[in-house]
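Each of the next two complexes has chain A plus one more chain, namely chain B in the first and chain C in the second.
For the complex of A and B:
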């Protein structure tokens, strides 16, 4: 490899964020927290319905609120928060021009229009197709058009991020790009390449078919394109959490970045191995060749490597920092971590949740073992540990400093304490809810299903107790959401004025230099595309060549 | 790129464990034949009766040999069609002796469904245009709930049947 070393750019790591920039970043974060409230309420209602003790009023259908829950939390909250966080990191490290800011506003409004279109169709009961919108269930065309707008808006936002880094590199020739900007660029690349799949499905298949221009749809092709997007989607959620773990947490605990090049390496590996793996969501499908399923299973497991690298880096940072501060003994460094600082505690709980979360993921992707858990509520339990604990608690951890930094306020000791209470409530609620989901999933209880006694079988009656536990956990979680909304409103509008730190860790003075090949974007993109072509070309051609007759749209099953 | 000595040990350990794990999965799949169902057999979703297995008379449980059974099922919103009994009432409950080999064949004329004999590995996606099939041995006596575990519409949770494995 080319071993030319890059210079460091310490001076540019911390640019001021101006008022108009703050307004832009906060707009994205506002949408995220409004979504949290609405989506969280839907989640609460779902657990109550499934307990069998509560029925939805005014003829509202369970699957309608389930669609709201999935779309608004899985697609809206995450995407908006992540874009806001991305821009804050870019603004802080490489800066944003006025023109770039204007284009980002355009992206924001395109996304908002799309979100409103989609939300309206769901609220009118015209799109109870859940967030996976599997054909041949047909939603109102505006549902798909709205989704397409959200994706297109997010692309524009990503293009601006790339432009920001490009302009910065022009101004700083030969200088290593800031780690934060590098990570954001990886994640936006991941998002762009992955969402091409779902965009193709929506634009080429769903929109013409839902409008009646195309008579039938190729169901398996649409599912394959969806899952080409659906798995990298979860890494698009996870990588911003990793950014906080690699960049922010070391600073909060008073340490340095463990290894700049390892952090970059792990992000590059996530880019490689998060996309050519969608078949592991389709393992029990009849129309996909089993050998190719297995190949994608193997590729899926490659993400274990960057995950191991990350786990090592984090705990190494904890230990090195503790020892430097003079905490001796085998675990002195661990005892003296800043447990009373919510900016650390909330993401730390997120890291812990990723241990069972990751282990569950290994089970899910395990070719044969998948049949034990596929589409059982175990899977729901799994992603409530990963995205709804690991990712969201880290996002909350980010919120505690990012929001006051942007609004010119302070995280007061009282709010910090409330934040700690929030993190504990979340942990308790999620342990109960996700734990119950995992256990009863192993007994075979299905996900995505309203309350049912299944004709009164003994098996199904055993599930109901666990559904009650889910309702208890869901209620606790909703209290956690209300508390989080309160903290967010406080930090945005009412906390005392002041300056909150934007914590980004630096490298050690004597850190090993980062190799120059990390800046070789063409190489990373080429390898990513080569892996995708390898994993998908033959099975995709096979799917198309051996296609059954297409499917006409079905409206009646979703009550249209 | 510099990698810390301990991290090298950690990664070598982790990656070796991963390789062993994948070899076991591969051994199971390719040598022992434990692939998930993927036969790629297609069918016209608007004319499933053209296939012998899904003609009204052949639906439900059929004994085809000593301890060998076939179960043909049409999954549609929101019902599993297991044929009818002598009185013409729809079958919702099937009984299979313990230890028998059973081939499940399922298809759908409408939307995507799931087919899960709850608590077992009989777990398949059912998609329009394909026949989902899985052969298994039922060795644990008891009553099992067959549930649709992929969302198929407003009546999704009312889509079920029961299967009894008797001694």
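For the complex of A and C:
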């Protein structure tokens, strides 16, 4: 007896996007690009300060700009761009009703109010607590309340996505949900389940404590709840890039989806294994039982599987497409990829960056070996490869077609060329900056720290050359950001009117039908919750029962 | 699922795509991961 298979959708999965929809999706993307400019400028300033050749004017504190950089790029840019992209994919494949659109506007404004509250506290120097806002550093209560609003707004947006798929499924019983909608649903589920942890920390611990209602805070609980959220957060960033790789890239190179089932399975595995793994960020944390650290390290290594499945699937897509076009030899297909199309090139560089990025991640998570890199700037180099290259270059790649599609304009050959220049500038800048961070991190240079000669110690004197290299790389990257903002403004307001394609690939005509169990959402959610309960219940109870006394808030040396 | 569908094609008649380049590419990615890991492991052991 075979496995039940799903029926393919009869209608083509390409609905028109109306003007009111475009305005909604573009609103999210506008916030993302404003964030890119502000956050990028802060990044440049950080690398200049750390070079030892530059001091911040007007009494601005290094940790203040570091907090702006982390919060606005790590949390604001990513979340807004992702939600905008999610909605565009859903609107294109399953549609959106007027009511759903209105609720999404509500979500948008709740997020904007939260973002403004948080940004104001940071800019006033009332929340220099970095994006991880570790207790016992204390920020102004409005910082936490603003963050909570951003999260609540993003939940509402996610609920709308679920509703969109639910309505579509009611109208199309027994039919396979579009791959794009399936992927968006997985990512919003991942985000919702993960952000429950940080929401709990903010609402139960941080807000009462920062307001003075609670005298002390349990630091270990707050950090554990943060990393319960913090690791799936990176997959919430990464999965939209994977959506583009699985769905969009095959279409751009003139190919088909390699395997619908493989793509769905890899997303399901990400849902399972990206959450119960937060302890690998706390491997040097006292107070967490080493056995449970080990168990979560094992679970962390499980998440390597769907990434390698993705790598295999992408190479296969490239090879099959190239061979169909008649390019023979072992790597003939590789030479003939559309290198001059920025919609392909930028995400492709992102894919390449994920090879050292992923390898670095495996090293970070390798329990004892984590001691070599923990709290060094190697880690900063690592996530500038993963999120600031793999994810962001793919988001730029999406921007080149999504923005003109939504604004009714065209990606002109000149803008395409500028985009290629942008991708190359980014690659050069990031190779220098992230490369220097990786190397000097292995020599022990710390992360999160402002410029210091560390009392003239010899070891610290070896780091300065690499910090200069980071400033060079950071400057090149900032030029790349300015160029990207220019391209974005052109695509939004000035490019010639026209119709830009929304590229979503289809399956091969004779593709194997997708098994029906992929639509069994209850099963996926149940396994996810079971894995989380398994990985966290015993150590969390242990943490609460055996915690040291809570901490009073600290406003110095950084904080408020 | 109420509306199910039988397999459209006979798998025996389907020609498998040629994926030699893919095989070598994934081996190269695997080798890169292993070499990087061993590099830091050696550093860990030697310190």
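In this section, the second predicted complex is superposed on the first by the 554 of 560 C-alpha atoms of A that agree within 3 Å, B and C clash if a C-alpha of one lies under 4 Å from a C-alpha of the other, contacts with A are read in each partner's own complex, and residues count from 1 in each chain.
In the analysis below, contacts are C-beta pairs under 8 Å (C-beta built on N, C-alpha and C of every residue); 3 or more make two chains touch, one makes a residue touch a chain.
Since the structure is predicted, the reported quantities are computational estimates derived from the model, not experimental observations.
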After lining up the shared chain so the two structures overlap, which partner does A:130 touch, if you call chain B first and chain C second: first, second, both or neither?
first
Is A:355 in contact with chain B, with chain C, with both, or with neither (first, second, both, neither)?
second
With both complexes overlaid on chain A, does A:316 touch chain B (first), chain C (second), both or neither?
both
By the touch definition at the top of the document, which applies to A:97: first (chain B), second (chain C), both, or neither?
neither
Which partner does A:537 contact after superposing on A: first (chain B), second (chain C), both, neither?
neither
Of the partners chain B and chain C, which touch A:308 in the superposed model: first, second, both, neither?
both
In the overlaid three-chain picture, which partner chain does A:372 touch, first (chain B) or second (chain C), both, or neither?
both
Which partner does A:510 contact after superposing on A: first (chain B), second (chain C), both, neither?
second
Would you sort A:333 into first (chain B), second (chain C), both or neither based on which partner it touches?
second
Set of chain A residues, in rising order, touched by both chain B and chain C
308, 312, 316, 366, 368, 371-372, 512
Considering the complex alone, what residue numbers of chain C touch chain A?
1-9, 11, 14, 17-22, 24-26, 29, 32-33, 36-37, 40-41, 43-44, 47
Contacts from chain A onto chain B in the complex sit at residues 61-63, 128, 130, 134-137, 219-220, 223, 259, 261-262, 265, 282-290, 293-294, 297-298, 301, 304-305, 308-309, 312-313, 316, 366-368, 370-372, 374-376, 443-452, 454-455, 457-460, 512, 514-515, 542, 546-552, 554, 556-559
Considering only the defined contacts, which chain A positions touch chain C in the complex?
2, 4-7, 173-175, 308, 311-312, 315-316, 318-320, 323, 330-331, 333-334, 355-356, 358-360, 362-363, 366, 368-369, 371-373, 442, 510, 512-513, 516, 519
Flag every residue of chain B that touches chain A in the complex, lowest number first.
1-4, 6-7, 10-11, 14-15, 18, 21-22, 25-26, 28-30, 34-46, 77-78, 92, 110-112, 114, 116-133, 143-145, 147-158, 160, 162
